[in-house]
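One chain, subunit A, appears in both complexes that follow, with subunit B as partner in the first and subunit C in the second.
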Partner chain A sequence: MTVLKSIWAHAQGRYALIVLSAWVLIAFVSLLWTPHSLWATDGYHVWAAPSADHWLGTDGTGADVFSWLMAGSRTNLLIVVLTIGVSAVIGLLLIAAMVSSAAMLSGVTVVAVDALISIPTVLIALILAVPMDASIAVIVIACGLGYGLNLARVARPQALLAARSDYAEAARAAGVSPLRVLVSHIVPNALPTMSVQLSLSAGTAVLAESGLTYLGIGVPSGVPSWGHSLATSVKFINVYPLTVLWPGLIVTCVVVALNLFGDALREAADPVANPLLRQAQVRQAQPMEAAVVQPQSEQVVSQPPQPKQVRP
Partner chain B sequence: MSMASMRFLLRRLALFAVALVVISVLVFVALRILPGDVASVMAGHDSPPERVAALRMQLGLDRPLTQQYVDWAVALLHGNFGVSMLTGRTISEQVGARALVTFPLIVMGLAVALLIGIPLGCASCLAKSERVRGLFHLVAIIGGSIPALWGGLLLILLLGKGIGLVGLFPSQGFPQDGWAAFPQAVASLALPALAVGIIVGAGLMRYTRAALEELMTSSAIDMAMSCGMTRTRAMLTVGLRLAMPQLVSVIGLTFAEMITGVMVIENLFDLPGLGEGLITDVGNRDLIAVQGELFMLAAFFLTIGLAVDLLHRALDPRLNDGEGRGL
Partner chain C sequence: MSVDIQGLSIAIGGVPIVSDVNLHIGDRSRVGLIGASGSGKSMIARAMMGLLPPTATCSGSIRYEGEEIIGMGERGLADLRGRYVSMVFQNPGSALNPVLTVMQQVMLPLTLHFELSQAQRKARAIAMLAKVGLDASVGSRFPHQLSGGQQQRVGIATALVGAPKLILADEPTTALDSITQRQIVRLLVSLVDEAGASMLFITHDFSVLAHATDDCYVLDAGRIIESGSTRALLDQPRTPQARQLVHAARELTLHTAPDEATASSHKKERR
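For the complex of A and B:
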């Protein structure tokens, strides 16, 4: 909550929050209502200019461009949420392997991540598209895999620092299981870096959707998405150049918002840079400290880590 | 060459070899184990089972998988990437012809990106007023958020011959004679290179800014300034030199990424490049070609990664600590 408030305090963060909540809102509204049905074609009014009835005009089958874009927002939201989920899971698993005390496992993981990271997402998507054809799953798996590797690589230093810290050592010495140490000490330390990276990845996922869909290995035809709207209008650019403006404009605005959100989050989630967050953490930590007085080892180790030190 | 760099080189080469093997296995497995094997996909959806079986035998797919993999790997080691099922040409030949379009495109795009990214990145870090710095940063974010497809379209609408407001460059196709028709070939790559360059340049701008900003408070800059340089001059001479290894790494990896990154642009501008070719082969289910091309591309990415690492080290002697391990 404090983090959101701090993001809202910056003009750029505010833009990001407004665009992103509008996106979510429109996606849900489009489930119940769009100005016109997606499949209402009208042979007499193809490529119509924007009017009171069709706010952004119509496409080559006379379907309403605005309605398709509205419906597209839910497909893109779904793709982004799934991609972020998959990459977060993959990233966490890789981080867990990288900081594990088994030297063999961590060594192999580091090498594997370094080697696989140079393989671009499009290539993975192409490999997947051979047996799977165009589908949302291709985008989600390819992007989730690529961004998960990236996430692990970016968050590794922080996670490693926490894993080698005195408090993690103390927890292990007190007999806390490795899983518990990971969840309550290592992950919270890597979380700010991870969420920033995930927010940037979300932007890349929106861009990847439009690219892959255009190449015919992303969202299958007939399913509304921004990439789909962009790709269909491309074919008629010679004749009706204006229709192509809208989907691209929306994608650009949303991706800018996700990037600015990541930037704002970087500052807001860092206790060193954000005094509001520091205060909130101190307030939260006080009742915990009272609990430490009672000699209950369980509660001592579950205490959240102190605000990160500035330098290792 | 010192003992330490020697050890680093050996270690890095070993990693490269292992990665190459891993990638070849991945490509092989992806095209064999996933549902619908090469033969049935190639034969089409509702072809009779006998036909699929015959094709499978002809392609040697009835042999055990390990045997197939070993045969393929041995052929790869001899530089034999196979023959396309559709065109009958060897994969290497096919890739070579396409690379003649893609590589010039990438080089031109990268040139544009460098011309945009480095100076603007410096400016967005060194501008006097905070507002101007913020504005530059915003420009970089917006530039990096434009879908390649849309950026290319806007450029066509702006500068494309026949469509655009100012008809400067052709917006479709590559000359039939290839590079024999040099001026036409360059002209047909101008718009795509510009589209790629602007988007990549925006990313480069952010990297330059981040790298310089990190150095802003370093003691090297303090030293240069105490020797009488202004902050700007110190950043542009000492700072840029210090940021160079990092930037060269980013540029190298960007170069590799662009090979598939320009896929959409190649498709939009109808250029017969590598990415466009790969998409066509996937669409045509020319799986022998896809397998060879995917491996070739992946191997190329790994090679660039290796080259970038070695170059990074050569440019930044600080990385050579006593034990020859990267920091």
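For the complex of A and C:
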């Protein structure tokens, strides 16, 4: 909650929150309601200008542009969420291998990531499209892989710094297992870098959807998406520029929002950078302090601790 | 807990760091390990925690009450660390995780080694913070909000909260100013004695060592060159390296070194 408040406190963060929540809201509304049916085509009113009936006009088949963009928002949301999920998992696994104490494993991973990162995402998508045809999975796998590699590459120094830090060793010295050191001590310290990279990736995923759909290997025809709306009208940009403008505008607004959101999130989620977060921790601690004064807590402390495993 | 180290040798990438070290820490005793930078002090401490870097090779024996820990599995070591043996680090600022609150860090050994409810853990951690002289409100702060002395107090609280039987203090006062140094040494000694634990106090500073330990070992280039009671070593260091360390400590604490004192008295006599 405090994190959201801190993001809201800045103009950029506020813009990002408004655009992103509108996106999510519209995506869910589109499941239940759109102004017109997606398949209600009207041969007499193709490329119509915006009007009271068709708020953003109609496309080349006479279908309502606004309805298609509304329905498209849920496809794009799905793609972004899945892509971020896949790339986060791939990125974290690679980071775990890169900071591992096994020199062989980390060495091979670093070289492999550097080699694989040079393969363009579009090329991976083109290769995947051969067996899989145009589908959302092509975008998710290609982008997830590409961005996962990027994430590992960008977050590696931060993670390495945390892995070799005194506090990671202190955690080991307290008896924390290597896996738990990774999960609860190394990753949280690399998270600010990772959150920025992931939100940039989210923006790029929206762009990639448009690009790959335009190439015919992204969202299959008939499935609404912003890329689909762009791809079907872009040939007529000289004649009916408005039809291209709307999806283009939405993609731009959303990508900007995602990028700004990453910056705002990093500022807000870092206790070192965000004083509000520190105050929240102090406030949470108040009732705990009150508990100390009670005499029974003193009793608890005076009892000898019971270890989980008893050693000879 | 008594510790017996016999013929401990550590090499990293074939380069010997520590060779043939014999060291004994009796039950409930405080022993010092002193040596210049790079003499291998910290490596011995790391070996005692089973935390040597993967490139290091280690031979000899380290026994805790007769139980050998060299070659012990990761599970056994994890069970040992934080519960029976714990460590106070040199640089308190970097030994605390910047994204966890003080309370979370002090509760960590309790979470790992004891079956306690969250409320019990909190109560115990707050009591431990009180013992090291920190207010309970410090628990909700992040390490960067504390001073160096407070950070080291948190480090000591984290090391002692699990009631370990052996504390390895790896230069716990080096990064602190001299007033805070004295406070931290006193605190550490009183808490270790109160808990009935043993302590290995690693330092390069004899002036600190005199307050903290009864016996000590002098390490030079990975070998123990001198050992005995700390008092005797301070008064009459036998080896030149130990003499250097003692003189350095005297000069820095504004005492005159014995040689200088006699030299100045000679001058006076001549006048």
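To be clear about the criterion, the second predicted complex is superposed on the first by the 273 of 312 C-alpha atoms of A that agree within 3 Å, B and C clash if a C-alpha of one lies under 4 Å from a C-alpha of the other, contacts with A are read in each partner's own complex, and residues count from 1 in each chain.
Following the convention adopted for this analysis, a contact is a pair of C-beta atoms (placed from the backbone, for glycine too) under 8 Å apart; a residue touches a chain by one contact, two chains touch by 3 or more.
These figures come from a predicted structure and were not determined experimentally.
Visitor: Applying the document's definition of touch, where does A:Q197 land relative to subunit B and subunit C: first, second, both, or neither?
Guide: neither
Visitor: Which partner chains sit in contact with A:G211 here, subunit B, subunit C, both or neither? Use first/second/both/neither.
Guide: After superposing on A, A:G211 lies in contact with subunit B but is clear of subunit C.
Visitor: Counting only touches as set out at the top, which of subunit B and subunit C does A:T252 meet: first, second, both, neither?
Guide: first
Visitor: In the superposed arrangement, which partner chain does A:H185 touch: subunit B (first), subunit C (second), both, or neither?
Guide: second
Visitor: So, A:T34: does it touch subunit B (first), subunit C (second), both, or neither?
Guide: Once the two structures are laid over each other on A, A:T34 reaches no partner at all.
Visitor: With the two complexes superposed on chain A, say which partner A:V122 touches: subunit B (first), subunit C (second), both, or neither.
Guide: first
Visitor: Tell me, which parts of subunit C touch subunit A in their complex?
Guide: 49, 51, 53-55, 65, 67, 74, 78-84, 86-87, 89-91, 94-101, 103, 108-110, 112-116, 119-120, 122-124, 126-127, 130, 136-137, 139-142, 144-145, 155, 158, 162-163
Visitor: Under the touch definition given earlier, write down the residues of subunit B that touch subunit A in their complex.
Guide: 15, 18-19, 22-23, 26-27, 30-31, 34-36, 41, 138, 141-142, 144-150, 153-154, 156-157, 163, 253, 256-257, 259-261, 263-264, 267-268, 275, 278-279, 282-283, 285, 287, 290, 294, 297-298, 301-302, 304-305
Visitor: Applying the document's contact rule, which stretches of subunit A touch subunit B when the two form their complex?
Guide: Of all residues in subunit A, those touching subunit B are 12, 111-112, 114-116, 118-120, 122-123, 126-132, 203, 207, 210-211, 214-217, 227, 230-231, 234, 237-238, 241, 244, 247-248, 251-252, 255-256, 259-260, 263.
Visitor: Provide the residue numbers of subunit A that touch subunit C in the complex, in ascending order.
Guide: Residue positions touching the partner: 101-103, 165-167, 169-178, 185, 188-189, 191, 270-272, 278, 281-282, 284-285, 288-289, 291-292, 297-298, 300-301, 304-309, 311-312.
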